[in-house]
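A, B, C and D label the chains in the order they appear, each numbered from 1.
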């Protein structure tokens, strides 16, 4: 074990998987020299230009070629930079990734898409989205969003080894976070949520940087005598319903927070599942702590207003106690 | 270039197989046994047949909504295709895909595709895969002149040109995209000129001439296998039928359609074969007759096959 | 009043609005000659090629140009054929339509996007989607989906006159439906649901062809002594929460049916709203009657299994009575 | 073509305004007063200034993430821009947009844009709007050579060529797209050749030569106004700074950067103006001095302005 940052954990994951499996390769914009996320550090020197491929600004070709390569024996990692740019290659997401299904199970699609997400850096409407709810509607796509360095490495390795398409998102504010990470190889299976804090009065479901926020809120709630359980989803798809429902059975109360406009959010899906499958455990309305239904504004004061934060979460919890 | 007799017979056989398959589908669709919609390749057979005669089983092709001919040319089995088109469990996709998604990855056929233009980056990726793995595989990407106006044409060809990928972008210019005359919605209708902007060869071919198709693609394939990168080929032909079966085609000038029917690639190739003494009329007729029988069997196989059970809907999503 | 079909109602709406306002124009594939939907019948003869513009197969240019035209004084109608094709121009949807917001309120965007949706015609995964939930996450977009000829005309006219982007969807199975339609001009305001059938035991929320299905199910339920109220949302955005909540207050039970994979569906959003804002009225779990989480299979038997139908709806209602 | 003295002075003034504005932004960003990120137009001033000198207030331009220069060239006010870049309520977008979204539709500036390539169809639509309304308005669409590889390049130019729209697609080829040398990821780096594939003129211009820019765009604008359709212009220049402020630029060869600094469009234009006797050095210096004062005022205006209230987040979605 040693303490490393989120970004270092991710660099290790990719580096190790490229070393482990010759069919893993990276394609995307600016992956050879440097990139906005630093994920690709040193890879082209180590693995060469054939396996670390700079592309033009051509997101459809990037994701589409990754699909073609994945269908023919490779294990591509497609760098899409920001989740906001996925709109450009959404036909690949909604109509092409599903090749296996359309062909009656005839093909494997071992493909990892990596992108950043999240607000908080004042880069406005087109570079700050998370799109969790939008992405969850995509058939045949697994989605991982780690909240700490340990999970970041384990989920990324799992994604790369997965025989199905995985979208792996990193929240912009998570990159500097550090945690203890084992020296030896490990993965975190996709689709397993993690109870990051146990509690008995209310269940808070969160993801990505929202987990950090929820844990801080839980501390404050504790000071007010409210014991909050904090679940880190880690994967949006497959969604670990069981962990959520078990927790709600215990606490009787649910607050879901995801950083995105409330309408059509991942929080909506989770609320709907619980309202359908765990209704009898509920002692109070299900609260969603999300952003308002607007694009993300640039100016920091408005942006902070837009982002669901500790205060919003504490207020929501308090309202249903 | 000297084409062997075997090659010529192979091309003819494929053309006849496509023609007969499509005629069967046409009849079945009219009879109401085919669910959904079908887009026929009638009149365009020389393209797929001539092109794919240059490939091995290991090479890749990527197809379109009008994909029956491509799959047959790559070695697809007509019984499994017919079963798929009829929505049967025994079909290529176990009834999940239908006409618009016929595929056989085992022989490198990466699928018909209902989204116009979507095949281009997929073919590009298959070619990148071959390049990284260091094989001599090539990919042929078939698409219509309509698809050449989609976003992916540009991004894919630029990527392949920059990376010198072993891929051939093969436009089937049948003049029409649904009810739109493609020339009316393009700035420049000589599509091969676009190759200049990517620094790759752009080749015009008579898509109704099987021999010309074979030879032009042979050159592009050789180039690709050598590592010299992609080629853009524009193969002119004509869409005999409506965009899909049932299309009343009010928009098509009758004389144009009639003129093109005279350019039927099959009699043309037949004449070439008999004129050059490569085959006799009887030999050709025998192959033709064989195809009729093959389609009867294919149809019987399909119709005797069960439909998938409704619950199979839930299978085949994740590996 | 006269009885006309859904398609005729739509043809009238476009024809009348083009006659009423010179800035209305149509662009898209095959709009001049004929189209798969027949929406554009006779328009190019009447209004000329300048206002009925055939494009190449270039969905990004179609929607992007419509945005540019809408921002500069025109009132475009962009024909996107099938909602499945919206993936191609999703950057326009998620990042460009929001021009007004990003510019601080400086521009109007009077733009109508029309497309077909829905399964039932065995045209497989890429031509049968509805994407309601996916589309609802888009900021600044209004969404109308009529279920009968009367609503079809009124909503389409409202969409064309609206100063904001509107996505107007037509379910493939709705086109032949007929209803009484007034001779005189009328609109149906966006964002107003319609109670298509009153009932007291359970609220069924539905949309598009699902309304027809829900009404049939309600008849059968009545025979079993269950009185179902059927709400036709008509617009997914703005969403008429009030009508839904008022109904749930009366019935105490909610079933939401939308034709799309259940995860991230419009039904999820509606369930979440009610679980949050009308929890105390609920006497039973909220049921969602949607499709399974898979692409749409081709073969008719599987496709019918995939589509949520009367039996599914009746079963869900019965389970919570 | 004879350029009037007024025009030349106008171009110089705009270039100096852009230069001085960007230098102020550079300093402010380093000082930490600017939220988010900024992409500077330093070294590329001759392009926007020379191009927009051909437009009237009614014409349209569409910009990029590197948009300050375009807005200034179209007549934008530096105080409102500075306020926006600093996130103030008085800014062009009331703080909603910031550097990447500065816009002034009232003077036909349809916005900077954070999505590379997204401006192309928007400009195309503005040109279609002009064509339908029967005005003589034209649109200039500015974008980088990196953006020329995006999907929308192809779809937009093909549409404009087919419809003969009054639009100029103007590539600012500054050689780099973030840390990628664009020539390395393109099949053919002489971008003007792509025009051939759309049947429109493709023009290469020295983007650091203000007069050449003015003249080349004048021709394209005249063509557009006459109804003869779009032009593709490729204006070569260099991105002096990092992709955005704070970019350490490890990837850029030092000599290249130094070589290009010598091609600074401003001294070049200054020399032209003095050599031709159009302006004296003193006259030029006076304008320059005026700009320094304008930026001080703009900065003061911005800094004295309040931030929007958080609740304004909820405004401006629907008309």
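Side notes on the structure shown:
Operating definition for what follows: a residue touches a chain if its C-beta (ideal position, glycine included) is under 8 Å from a C-beta of that chain, and two chains touch if they have at least 3 such contacts.
Just so it is clear, the structure is predicted and the values come from calculations on it, not from any experiment.
Looking at subunit B and subunit D, the chains in contact with each of them are A, C. The most distant chain from subunit C is D, comparing centres defined as mean Cα coordinates.
Computed from the mean C-alpha positions, the centre of subunit B lies at a distance of 36 Å from the centre of subunit C. Subunit C and subunit D have CA centres that are 40 Å apart. Between the Cα centres of subunit A and subunit C there is a gap of 30 Å.
Counting partners per residue, subunit C has 55-56, 58-60, 84-85, 88, 91-92, 95, 98, 101-102, 124-126, 139-140, 293-295, 297 as the residues that reach two or more other chains. Residues of subunit B in contact with two or more other chains: 93, 95-97, 101, 113-115, 149-152, 154-155, 158-159, 162, 184-186, 317. Viewed as a network of touching protein chains, the structure reduces to a complete graph with every chain in contact with every other. Considering their complex, residues 149-155, 157-162, 184-188, 191, 193-200, 229 of subunit B touch subunit D.
Interface residues of subunit A facing subunit C in the complex, by the touch rule stated above, are 84-88, 90-95, 98, 101-102, 124-126, 129, 131, 133-134, 136-137, 139-140, 237, 239, 260-261, 263-269, 271-272, 274-277, 279-280, 282, 284-288, 293-295, 297.
For subunit B in complex with subunit C, the touching residues are 35-37, 87-88, 93, 95-98, 100-101, 113-117, 146-147, 149-151, 177-180, 182, 184-186, 250-251, 307-314, 317.
Against subunit D, the residues of subunit C that register as touching in their complex are 23, 25, 27, 50-51, 53, 55-56, 58-61, 63-74, 76, 91-92, 95-96, 98-110, 139-140, 163-164.
On subunit C, the positions that touch subunit B within their shared complex are 29-30, 32-36, 54-60, 84-85, 88, 121-127, 292-295, 297-302, 304-306.
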